[in-house]
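Each chain gets a letter, A, B and C, in the order it is written, and its residues are counted from 1.
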Amino acid sequence: MSAKKKAADAAIVPVNGASAPARARVQKAYKNYVGGAFVRSESGRYFQVKDVAGDEPGLVENIALSSRKDGRDAVKAAHAAGAGWAGKTAYNRGQILYRLGEVMEARRAELASEIERGLGLARQEARDEVATSVDRVISFAGWADKYQSLLASSNPVAGPHFNFSVPEPMGVVAIVAPRRPSLLGLVSAILPVIVSGNTCVVLASEDDPRTAVTFCECLATSDLPGGVVNVLTGKVKEVAPHLARHMEVLALDLWLDDAELLKELETLAVATVKRVKKHAVAGIDFGDERLAGLASLTPFLETKTFWHPMGM
Amino acid sequence: MSNLVASAAGRVADRGPHIPPRTSPVDQIYVEERAAALGKRSIKKATKVAGLKLAVRMMDLTTLEGKDTPGKVRSLCAKALRPLEHDASVGPVGAVCVYPNMVPVAVDCLRGSGVHVASVATAFPSGLSPLPIKLDDVRRAVGFGADEIDMVIDRGAMLSGEYAKVYDEIVQTKEACGQAHLKVILETGELGSYDVVRHASDIAMAAGADFIKTSTGKVTPAATPPVTLVMLEAIRDHYYATGKRIGMKPAGGIRTAKQALHYLVLVKETLGDAWLTPELFRFGASTLLNDVLMQLEKERTQAYQGADYFSKE
Amino acid sequence: MTMQKTPRTKAQITPRPDAARPAGPALEFGDAWTYAPAPEARDHVKLKSRYDLFVDGRWQPAKKYFPTISPSTEEKLAEVAEASPEDVDRAVSAARRAYERVWSKMKPGERGKYIYRIARRIQEKSRELAVVESLDGGKPIKESRDVDVPISAAHFFYYAGWADKLAYAFPGAGARPLGVAGQVIPWNFPLLMAAWKIAPALACGNTVVLKPAETTPLTALLLAQICEEIDLPPGVVNIVTGAGATGSALVSHPGVDKVAFTGSTAVGKRIQQALAGTSKRLTLELGGKAANIVFADAALDQAVEGIISGIFFNQGHVCCAGSRLLVEESVHDLVVKKLRDRMMTLRVGDPLDKNTDVGAINSRMQLDKIKELVAAGEREGAERFSTPCALPQKGFWFSPTIFTGVTLSHRIAREESFGPVLSILTFRTPEEAIEKANNTFYGLSAGIWTDKGAKLFWLASRLKAGVVWGNTYNKFDPTSPFGGYKESGFGREGGRAGLAPYLEIDG
């Protein structure tokens, strides 16, 4: 028995022959995060996850088992948030994402605890992941008003025309987040999508959905407008195909190694010529800072070229 | 057109309701591109001969030099009447254009021929004399027998926003012309932009111009295909709005048959058949005629011509 | 005074052929001075009677051949090989060998010099290429001469210079080639699309198997001859002719690392489908239904020119054609009047005539599609005006056509006609213009005509389109990225952005 487990047991005193804690912990209901609100699955369904480490190993909690219609609602929220988010100044978007980093920093312990009990990481390992995740958010926040200068171009066309190209966000991106790392993987997937003004619907890690929901609490208390990031928990295989065929989803960001599911999603994406970005998760070192590189943003950007005569 | 005029911002504090405000802007790049594209029309054989013969009949054969003499004008008139000695199907030209003092000479030479006598007036070429003097200039030229008057607008007034002054001077010049037809020279080379050329065209037409004309020939640039296109477009809109056909005269810098054909293409594809006549289109030129004649002879004989085989005057 | 102000008799009595002409004085574009035929000479162009496949630097026979005809006369121009899956396999293998043994190992600057050679040869043969392009595809010689061929040369010239500068294009990203590119191109700009595909692929160090469209294979084959003449190492560029089956064999070939396709959205989707679950990289440049938005404050005469070139350039066989005209309601009548008068000056006919503005429809199949959509426009109640020009007896022709009274729900406002057919709609406010412009599943291009700069930028930033032309239309340049949003495809061609689809890039 671990030292932690012993410490937890010490708080248990017998009551009428049964044992109960001196104080019953208030348990959290883990809901989806859609349109800036925490909502249960419209289906009323749930699935259970069990603490594999931490203070109360074996604790079982109920998680929303999202449905096709939850996916629809999330896309609707993401779509509605699109114009407002993309319309903010890049400086403003950067400030909001920096604010997200601030909020996460303040909740490092809680996030680490979620990872620890969800995936059984050693406490320090979980703390390290949270720290890296916060740093990654801060790194992405800095991109908000800089990638444009690197990707835009002034094009010297052979004629009396002013010609330039600028990167623009696409719209709604559906993300299948990596199963693990559950937090660093999640921020490494979400941030490059939203920093440029896209909005997203994210299917959280099936292995550790609670970390994703707690991350959403950070989102909710940052200044990020509701609907920019929408997170659904549940079974990727069930919901992802509906997102892949949703006509208002413009791109898929798939952190998946399941070849069969990948092919299915790519096939469904064809109906509206979605852009599909695939990441072979098994080979990725999520600590690599290049995951916050410029190339992480480009799959979710369109290039718009503008021509105008130069004359009197 | 009427709703365009009505809807355009009346930014200009014009005095009267008749003075057109600045309306449709002109995009330099596209209008130059269109004019250049029309310059690429391939005009060969019968089309070329017909076009060049038409160009001769559209010519205002011009001499506007301080050293002009009655002798020079008389030889010019002879050429105007019979440009090509051996071919009566060529010519005569549309008009002979001279300074007022030379009008009586030209009238004498051209009497009964149908060739018009045009005179520049209104303190040509600057126009910077008091209006009464300019009007007197017109009346005298008409009195000498000129049946076409080429006036200049006050470019300074145009550029400083005194549109009413520009308008009024044209109205009064028109009155002074009596029966003579009035060509209004905008001197486009001094107006700075196609927008102002367009506005000046609109003002001139509203004030009673029978023709609008690009240039005096004393300023560079003079006529160019794009500036002519801008003015043809103004004429087109005036026609759409009023049903009145205003004539067009590019002048200055048109020296070759190829250039002349380019202008005819501009007219044909902008205003159509009705304007392909000396009544509505003229070239103001002093050296164009010989190149046109050389090209006509080349078409007839299939031999490239030499300049010294054509009389300079 | 004999200067008559009355119009000539002819102008007074010749009525326009259509009943629904706009009110007010009308211009007459008749035969007061007509242009004599001015055909571009074609006697210096020597086409072979039969073309084999260009594979591994050699001309290799195929089992079957098909004719390619001139759409303006229906005359047979040549026979062209139909590449079988085995032929495609040979071509891909040749490209792989050339990639591994020669092209990827060559110093980038040397690669660039070969590409420069191609550019120069295109310039030297520009007249010949232009004539063949117009013969085989039906486009006016003035367009093949002034647009297709010079921009093709410019494209090779531009990308040749990138070959040794890729590290500057993507600093620190370790840019490296992908391998073998399988490229399938359409019939509307045969040589130009070959240039758009081949030039960046080669500059980035890839080798190429290219399939031209079955109705317009000839200039790609002349380009193959150029590759041969300039001693391009065998297998670096392979040209396989054929129809859909050949293209399908190419994009599905497991030896192909990257697929680039320009063509219809329907075929693009089939390719995306075929590549699902593979690691092949894909770029698609597909259809469009571009809005060309004209405000009352625009330079209207130039806007009309932009509308004309937007829809009648290359018979409207242009993916970025401005096929939906959105006009501010207050100037609708005036713009339509100007547009109709301008259309009367369009010269439809022999593609080789230097004065032809609108040539032949590329194929009977395309003509049938255009006719079907136009018939639907009439059935749906839009008002049609087609120029009353005399069309040749043989060949495939369609008069320049506009529809007024079109609403967004009409098929002619939603479907790509890929022909000289313009749908005219109106709007009242800038917001309405944006809403209507973006109300399409396409997103390739758009045009804006206004004299007000702030409005122009406001619209440009809101249009969901990859190319936005402000106060101009249908301009192309190798330095300028081109490609679509939404179902108009993904990836860009042209400019630095045009390198990315042909490179592996880290970080």
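In the analysis below, a residue touches a chain if its C-beta (ideal position, glycine included) is under 8 Å from a C-beta of that chain, and two chains touch if they have at least 3 such contacts.
A quick note: this is a predicted structure, and the numbers were derived from the prediction, not measured.
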item: Selected interface, A-B versus A-C, where C-beta contact pairs are more numerous; value: A-C
item: Taking each chain's C-alpha mean as its centre, the one farthest from chain A; value: B
item: Rounded Å distance, chain A centre to chain C centre (Cα mean); value: 41
item: Inter-chain centre distance, chain A versus chain B - centres from mean C-alpha coordinates, in Å; value: 71
item: Contacts with 2+ other chains: residues of chain C; value: 471-472
item: Interface hub residues of chain B, defined as touching at least two other chains; value: 27, 29-30
item: Contacts with 2+ other chains: residues of chain A; value: 161, 309
item: Chain C contact footprint on chain A (complex, rising order); value: 153, 155-159, 161, 163, 165, 170, 250, 259, 262-263, 266-267, 269-273, 275, 290, 293-295, 298, 302-309
item: Chain A partner contacts - residues on chain C that touch it in the complex; value: 154, 173, 265, 268-269, 272-273, 275-277, 284, 286, 441, 456, 460, 463, 465-472, 475, 477, 479-483, 485-490, 492, 494-497, 500, 505-507
item: Touching residues on chain A, where the partner in the complex is chain B; value: 160-161, 309-312
item: Touching residues on chain B, where the partner in the complex is chain A; value: 27-30, 32, 192-195
item: Residues of chain B touching chain C in the complex; value: 1, 3-4, 7-8, 24-27, 29-31, 33-34, 40-48, 50-51, 54, 114, 116, 147-148, 179-181, 210, 233, 236, 239-240, 242-243, 245, 264, 268-269, 271-274, 276-277, 279
